[in-house]
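Sharing a structure with you now.
Letters are used for the chains, namely A, B and C, taken in the order the chains are written, and counting of residues starts over at 1 for each.
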Amino acid sequence: MAEALLTVDHVKTYFDVTKGLFSKKQIVKAVDDVSFSIGEGETYGLVGESGCGKSTLGRTLVQIYPVTGGKIYYKGRDIDTLKKTDRKEFTREVQMIFQDPYASLNPRMTVGEIIKEPMEIHKILDTSQQREERAAELLKLVGLKPDHIRRYPHEFSGGQRQRISIARTLALNPRFIICDEPISALDVSIQAQIINLLKEIQSDLKISYLFVAHDLSMVNYISDRIGVMYLGHLVEEGTADQVYSSPLHPYTRALLSAVPIPDPDVAKARRKIHLEGELPTPLNPPAGCPFKGRCPSATEECGKVRPEMKDYGGHKVACFHAGPSH
Amino acid sequence: MALLDVKHLTVDFNTDQGVVHAVRDISFSVGESEAVGIVGESGSGKSVTMYSVMGLLAANGGIREGSVVFGGKEITEKAYPSRKAYQAEMSKIRGNEMSMIFQDPMTFLNPVVRIGKQITEVIKNHNKVSDAQAKEQAVALMGQVGIPSPHERFGQYPHEFSGGMRQRIIIAMALANSPRLIIADEPTTALDVTIQAQVLDLIKDMKEKMNSSVIMITHDLGVVASLCDRIIIMYGGKIVEAGDAREIFYQPRHPYTMGLLKCVHNPEKKDKLTPIPGSPPDLLKPPAGCPFVDRCSQAMRICKLRMPEAETYSETHTCSCWLEEAGKRKGENHG
Amino acid sequence: MTQTERQTEDLDDSMFVKLEDSEKDTEFIAMESKTYLRDAWDCFKRNRLALAGLIFLLFMIILAVLVPILSPYTYDSQNLDVRNALPSMAHPLGTDKLGRDILVRLMFGARISLLVGFVAAFLNLIIGVVYGGISGFVGGKTDMVMMRVIDCIYSIPSMLYVILIMMVFGSNIGSVLLGICVSSWIGMARQVRTQVQTLKQQEFALAAYVIGAGKLRILFKHLIINCMGPIIVSTTLMVPEAIFTESFLAFIGIGISLPQASWGTLASEARSVIQSYPLQIVWPVLAICLTVLSLNFIGDGVGEALDPKNRQEV
């Protein structure tokens, strides 16, 4: 990668959830020491189950949550120390699409107002008339009708609302969009629509994506590279093909085998890896490998030290028992 | 004889915007110990169909036409002298002969009552058993659905369980009285993939153990692929295609079914995703013809005007699409 | 299959021509687009009781404006010849012990009572929404301090404030309003704070933050506008409460001073002749009752109309 647009460097996001004044301090380590970088025009898929910290990381990147440790660099500059004009540029260029299309649009605003608002804030275009025209144009771009501009969000279906959300972010001509599980609340037939729309936009406008998702099926399709998170840690990273065709981490393998396949013969023939138990809480996480409690190949070693990320030709994995030789 | 027989079911909802025609003249049946998947998008009428079977329609909705026969008995309101008699009968059937698993377990669990008590309640509602017996049964059930140390967790409250565990509790409650029919409404949509796989396997195992029939409602063809014998595809309040699993997955006839199969990413194949364009039809003013017409790549003029009749391809496989007729005509014209 | 064939015989081959994309209507929405207020009004109209309340209130307001203008009498013009008269053509509701026309006095009273009610409710709305909004939105230590201040104000009985303020500032409309407002905005502030706290976690509020919206914009355009429902309901219900408090104060004699008479004062005056002319006390009491009752009905109706649960979405 020649130049990284966004670099996440040993980022930690902790939350203090201590109840009451005098109780024992309790810290949720939602994101614990995660590093990766995303290039210009690239899509990075971030996969993991609920509670693994993937959404928290996404929100940390747009400064909804403060960083507890580590640094985030956008265009080579630390986003925590940006000057006023640079900050303005950062908020315009780095945007986010949210998970729940029913909650991410203000129910009291018309679609037109929703799409025009970011333009008003950042003073894009001069007159209200021009913004209105641009909003109609954006609606068309995401496959809706320009005359939907006066309608309210509740009159639309889930997929339509998600497209309105996308139009809102595009109003700012962003360079980088964090897609926080944008399809997980939608029907499968609509998921493909949104994914294809995002891909089209990317090829037209050269936008980078951080695509957060809880399963590997669609992520593989849209991403250039994929990172797998478990309990606040990045456990595997590689190109989409590497992660998909030759997963190294036992957790990635389990995730892959859990994806439902719309083909009865293949589904019946497939060897399933059953994970025992459920995700432990990130509140006081266990020492050693975060996955050891559910891992089919865990040994004593895994309980003691946390495995470091090891690089096997661009395919990285944090596991003592993984690697091309295993 | 079929366990559940639905004929010409039509369900309407009155809203302040007008009448929503949620389900329009659908017929299907479910045999003994058969697993049937009902697949469709939100707003296709799949959940409404099942709610009307169970007598759980919202106050503004009602069955306008059609009949539902369960175990040889008519269970629509019109077959009963009064609403009260109907509801009394339905509450006897629900949770006993027919039980449900919902998408969100918390809508079904009472947050301030211990889990154990909620399960024993279901057992005691329909059986004359002592408290001790009910408890024994409940603990056994919890073990069966894979809850570790059921004795200890018997006294815990719903919030102490994770999402996957709550769904297991719901399954335990649904199975408590060995129902003949289990209706599962998107039971895994709210769960993570690894947990989803666990829960689907559990439903499959329990179905085999209890020899019950299962109706699985979902929007994801992947979920029903390995579980269901027969699959019904619903769109815009109508059944557009029905057939056994192999017929639906390997010889789909309806453009919508084909579209559904193409827009799910199959990790075993590296096909390009072809989404179905557009949004589902608005059932406030459903189209006169085929509901899929506006999103169908092969739509013809006739599709806008008239709903096609169901064509039968095999004993199990039916499909309603004008393409069949168009194909026939083409053949005639050329030959 | 014969049945199918018979049904399709009437169809021309031209019916089987492929549709152009332009002939399809993929993103069709049948639902009529209604603004929030229009929708709420449609729902409100269906509530007969609330509608009746609204009509009564409007009628009362019109009378309060018109009667003193059109009537030949003023609120303090005494006519000792017709003391304690029963209703007649000249005096529709009769006269009081000094021969003043009761209808005119009642409508002047309506001016005062309604003014007190609406102004108090409005002040409550402003103070409560701003205070509660800031407290809930900023959160943390600011929120803690602001809430403790509220607790302190709340710990003193509200009647005490009113009486103290009346003693210091004299008995005029201003001090009655001040007295009522000192503590009654607290309920509103607490309500708004809770709502704002929940709403600020919602994705649309986060989305507003991400697109770079300033704090004030998020607070007012995104958060407070979404708790307008309960705010409007409490404001509507605040009006009768204030009218009631004012009447009560006037009745026990520490309200707005004579000869300007609010309904409470009228009731208090009529009390002295209750043995011989009981009808005189009926008028102000009836006015208070009906007004308070209709405002309560309106409040219920507004609450129902603005409650999202009553909106049927399918």
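Everything below uses one rule, namely that contacts are C-beta pairs under 8 Å (C-beta built on N, C-alpha and C of every residue); 3 or more make two chains touch, one makes a residue touch a chain.
What you are looking at is a predicted structure, and each value in this text was computed from that prediction instead of being measured.
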Farthest chain (mean CA position) relative to subunit B: C
Of A-C and A-B, pair with higher C-beta contact tally: A-B
Distance between the centres, which are taken as Cα means, of subunit C and subunit B, whole angstrom: 47
Rounded Å distance between subunit A and subunit B, as computed from the means of their C-alpha atoms: 31
Centroid spacing, where centroids are CA-atom means, of subunit A and subunit C in whole angstrom: 46
Junction residues of subunit A, two or more chains touched: 143, 160
Multi-partner residues of subunit C (at least 2 other chains): 27, 29, 31, 313
Shared interface positions of subunit B, touching two or more other chains: 277-279
Residue ranges of subunit C in contact with subunit B within the complex: 1, 3-4, 7-8, 11, 13-19, 23-32, 42-43, 311-314
Subunit B-touching residues of subunit A, taken from the complex the two chains share: 49-50, 143, 157-160, 187-193, 195-196, 214-218, 220-221, 244, 254-264, 266-268, 272, 274-275, 277-279
Subunit C residues within the subunit A interface of the complex: 27, 29, 31, 33, 35-36, 202-204, 206-214, 217, 221-222, 225-226, 228, 313
Subunit C-facing residues of subunit A, complex: 59, 62, 64, 88, 91-92, 95-96, 98-100, 103-109, 117-118, 121-122, 143-145, 148, 150-152, 154-156, 160, 165, 168-169, 172
Subunit A contact footprint on subunit B (complex, rising order): 41-43, 148, 162-165, 192-198, 200-201, 219-223, 225-226, 245-246, 249, 259-261, 263-268, 273-280
